[in-house]
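The following pair of complexes shares a single chain, subunit A, combined with subunit B in the former and subunit C in the latter.
Entry: the complex of A and B
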């Protein structure tokens, strides 16, 4: 295990450097772009600041110092948790993001689970039936999936499962927000973790849980489409690779039933590449969350960032980028370490 | 190095016949491209300002094939005009990223001192989801379609750089490179005339699928608020504008979204095939 710890520490040091690089890009964006006034991001359109306020802001941001010195101050502030103030959220950037993080994580996790539940079996079936109709069908669906603009899909799902079902007098799925307004009023939920599913179970609040689940269905389904094609593709390729191995031939020649060979011998070995792509997948999902949260008025960090864009609130948008990059780095670290634990062949 | 290139093209032409889906995708894409070009020549730009509130939100009809939008404008004309703009933007972004990425990647693979710094830079870029990084860049530069395209170029080159560098690293150990070097062929000439033409195909093979991806990303960013406003027709912002009327006038979302989908599907069909043909690692 000590090798593993050393490996994790080495990865952590490297990831620290990556984060420093990210902070440098972000800093240069905010302060070093030719022709962009660094103060512009702090001024609300139509609400000019007094000269004294501007002077105060310049001093606070150390704008009169050379860029390298400003960068040192910038990183120090980041590490202290001072990521600037967001006009859009009327809150410090980091507080605004952390407060809305559970909504996004809940959505992304459910989307990952959905894409695994749909994508892994589809990939396995496609590999087992290579070049036959089932495989072709899976590939066609997956190529259609990556070609779908996710915001368009979200709106179409709203149209069908909310509006058309409602028009027909059938039970329909909600299209906006995390929970019904009436439910939230009648059965208030004291927050514990901020994850509605977890909190409502912990508090035994069944109506709230039901409403939260029904609100999750459409956005999570929409978001899962983004990663579904990737999961199917990786699973199929990896399964094809494993099915060619000698131990599969051995298992078959021992007379083991096909089901056992596929599930116990092949799938177990083929699934690790799917795990390793989870980090990348999550990144893609967090990018997609900006779009999906906007479509479904989902109160997470992505929708906040989108609101920031409309307000020209670069401090917030850039803070969001840094935040997502930081999350990605830690998720990737976790995946690397998990991978080393799961697969003893990985050297560290 | 023209001979292997021509031989390659023959080989490709042969495989193209086999890949009917890819061919269909290619044809559809060319048709869309031609439509976009024709549209910008045939449809008067004044359609965009042809506001008639009396005719707003009319459903599709013989006079207005895609119906009319909330300004009473002909949606068919708007979607066609947007075709030109979206395709031009996506093609420009991918070409620029390809040129920058291939150039820097070849340098990284060939010049030892540049390899490490360039690869660490791409590490940083690739650690951030490209849509999220593009948001930050476009937000700082200010909302406009040009800045959005610039931001997308900025986030798209590193992957080509990585791929190209790997290609070059394995290529430069080949005997012909040593032979040429001993003949006194200079660095620049070696990279531009010999290494790049022999290694660039697997990198270029990504391009069709990437044009599709950039097209979707561009439309998505435009949808969430980087759009060029109501008087510049763009697919993503047309969807965003139509969303407010989705239950009254679903065609406002269906047609521009469908245009994005069809274009990106055609590109992905070509891209899937191109990857199989050119990527030696995937060849079985």
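Entry: the complex of A and C
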């Protein structure tokens, strides 16, 4: 265990360097483009600011200093939590991102759980029925799923599960938002954690919970398809590998029931790579939900970034990039550490 | 056997999952959605409000939409009219040649927090606007720059954003307050003292920035600054935005701001129970609840509209042919909805224009002047203007939702004069002739061609269409100019025209007021925003600008505006591509309504709907 702690500490130290590198790239995107006055990124294009006000802003941002000096100020501000001010959110960038993070995390976690719930059994079935119709079907469906553009898939799901069902007078799923507008008015939820599922359970607010769950289904399903193919393929490959191992043969020869062999002996060992895949996917989904959040008006950091792009809010977009990169780095570290915990054979 | 058992358990898992999905669908299952109730209106808007403090400048019309329903002003617009009438005031007197305005207030009007509307509240609201000094705030409406140094007495000297202010110290605040810009004469009489006469004063205070806020409400949520260098009056810290008022409101308007969700940018408005009824006492909101939902994706907005789940949806002109018959509109100018139960009222003149600008001082990135300055020659400017097929652009880029204009005013604005003559027309032969003539003196010609670059914002394909058209037309003339088109990232694009690195660029702009003053300044005065970034300088135009804004007689002012407009037009600095028209009551996008929404009328000075006018059947 001490080896693991040392490893985690070492990785944390590397993290600092990685984040410094990320901040440098992000800084150069914002300030270091040749021939471009970086002040343009900080002002609304049509805002009739006087030359004096522009000079004041330039001095405030240290834009007349050499780039390395500007970078030092930039990193100092980042460390102080001053990531700039977003015109889109009308808030400091970090506040805007942190305020919307729970919505994104909730969506990403549910999507990952959904992709695991669907992908792991599908991968196991595909492995057990290798090259037979079930295997081919699973592979075709998972590859097809990931091949569709996410925005298209989202709109398709809205069309079927919202529009057509509602037009036919059947039970339907909501097309947008995180909770029903009238439910939020009639059964207001005092935020605790910012995660609607958790908060509505803690508050015992059943109508809010039901509405929040129904609003989660379509975006989470759409998002889960991004990672489903990866989970299925890794699960299938890993399961095939494990099923060829001697200890599986031994278990079978001992007369253990097939279900026990598959679930207790094969699945437990085959699932470790899936954990890594799922963890990495979670990181990707946290930053990659831009399209899904936009299509479903999901008020997370992805939608905010999309708005920032549409509003040409460079300070926000660059802040989002840094934020997501930081999250990815931490999720990767967490996955690596968990990997070692789950699989005691792994040594660093 | 194993596989069968496993498959059974997997089937069980899937069955459980399916049940969960079905169960979660049930709460949302409503054959008749709750918002179909006649007293609730739902609007899917493309971009929701960011904040609702009226003293904060904004380019987000949705902010203004909330403000115009929650707050009220001394003067405002009656129905579709664009001339301000007394609203919170019963009337006004203009004294000292337009330097003093005295307003009498209505008695008995209360703010939504219970406070009384009186002269002190009016004074507080305007002093607050000046003292907060938001860089996009009231200063941009109370003109600035050398042509018009400040309107409210003392504001120019105080403002760091728009005037000559140096700091936000208590001394600076005290100096502004002592200047007496706004004075309480008695509880129902308030006096405005202007630094100079200003013809657009009434229409300026009719905008959202003239909104009257409840002083008791603002002060109750204000904290005195601890920074000793920062001046204040009770309720206002100089030069510092009010974080509470960004997302909360208390006005005298027909609606209260029930909720404002920063993360979703959704707002809910509720009819104000004690609303005083407006000037004629007849305004009684019939919609009890208005839900405005920011729905970024147009496909989702369209689906919600089609399903009847929303009453109003923003639909951009680029996507309007999902809603109306394209052929009927483009060929016959008839709007015929394709969707049953949907109306598309309009089109009406809007306050948005599309234009291209030419820069007479092209600079190098280091700030020095570039050696080749073709646009200093009026013949080159006219040749470029004559090479833009604006009719084609209006039809194919804006889908017919733009009208030709001879100058940068729309028919919705005061001073719009259809008699103003355009100084160019689409004529490639004329363009070639002019370029060949100019080239002889400017050092270019078919035998010695010079290169020029036209830039556009890569995120705005409509600009790309125009840039490509201009380049193709000019290059096809073989008159000695070779144009290359470059798509730039937004930051590079803004930097390029703001720093004058480019000679020709394409833009759009919109106004929050029907008064032309801000646009006249921007295009026609050397200190104006667009003129400054083109190095346009015409002292006669500057003088006419000052004269027109000091003119109090509307007829005289209109005449001066026409004179100024023609003068600038003859200099051919701008290529007027078109004035946008709109359906519905647009914010950032125009919008379409379910036919069940009644009472709609269009007013170009509104930003989004004035909800008390609407009801549902």
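Convention: the second predicted complex is superposed on the first by the 342 of 348 C-alpha atoms of A that agree within 3 Å, B and C clash if a C-alpha of one lies under 4 Å from a C-alpha of the other, contacts with A are read in each partner's own complex, and residues count from 1 in each chain.
Simple rule for what comes next: contacts are C-beta pairs under 8 Å (C-beta built on N, C-alpha and C of every residue); 3 or more make two chains touch, one makes a residue touch a chain.
What you see is a predicted model, and the numbers here were worked out from it, not measured in a lab.
Participant: With both structures lined up on subunit A, is it a clash or a fit for subunit B and subunit C?
Facilitator: In the superposition, subunit B runs into subunit C.
Participant: Which partner does A:257 contact after superposing on A: first (subunit B), second (subunit C), both, neither?
Facilitator: The answer is second: A:257 touches subunit C but not subunit B.
Participant: Name the contact category of A:21: first (subunit B only), second (subunit C only), both, or neither.
Facilitator: Only subunit B; A:21 stays clear of subunit C.
Participant: Regarding the shared-chain residue A:41, is it in contact with subunit B (first), subunit C (second), both, or neither?
Facilitator: both
Participant: Would you check which partner chain A:283 touches, where first means subunit B only, second means subunit C only, and both and neither mean what they say?
Facilitator: first
Participant: Looking at A:158, would you say it contacts subunit B, subunit C, both, or neither? Reply first, second, both or neither.
Facilitator: Both: A:158 reaches subunit B and subunit C.
Participant: Counting only touches as set out at the top, which of subunit B and subunit C does A:207 meet: first, second, both, neither?
Facilitator: Touch partner of A:207: subunit C, not subunit B.
Participant: Which subunit A residues are contacted by subunit C in one complex and by subunit B in the other?
Facilitator: Correct list for subunit A: 33, 36, 41, 151, 155, 158-159, 163, 294-295, 306, 309-310, 312, 314.
Participant: Could you please specify the touching residues of subunit C with respect to subunit A in the complex?
Facilitator: 1-3, 5-7, 9-10, 13-14, 17, 21-22, 24-29, 31, 34-35, 40, 42, 44, 47, 50-51, 57, 59, 135-136, 140, 144-145, 160-162, 246, 258-259, 261-266, 268, 289, 291, 293-297, 299-300, 303-304, 306-307, 309, 365, 459, 490-492, 494-495, 498-499, 501, 509, 518, 522, 529
Participant: Applying the document's contact rule, which stretches of subunit A touch subunit C when the two form their complex?
Facilitator: 33, 35-37, 40-41, 44-50, 52-53, 56, 88-91, 99-100, 103, 117-118, 121, 124-125, 128-129, 151, 155, 158-159, 161-163, 166-167, 169-178, 180-182, 184-185, 207, 210-211, 213-217, 257-259, 261-263, 294-297, 299, 303, 306-307, 309-310, 312, 314
Participant: Would you tell me which residues of subunit A are touching subunit B in their complex?
Facilitator: So the residues of subunit A touching subunit B come out as 17-18, 21-22, 24-26, 29-30, 33, 36, 41, 143-144, 146-152, 155-156, 158-159, 163, 283-284, 286-288, 290-291, 294-295, 305-306, 308-310, 312, 314, 317-318, 320-321, 324-325, 328-329, 332.
Participant: Looking at the complex, which residues from subunit B come into contact with subunit A?
Facilitator: Listed in rising order, the residues are 120-121, 123-125, 127-133, 135-137, 139-143, 212-213, 216, 219-220, 223-226, 236, 239, 243, 246-247, 250, 253-254, 257-258, 260-261, 264-265, 267-269, 272.
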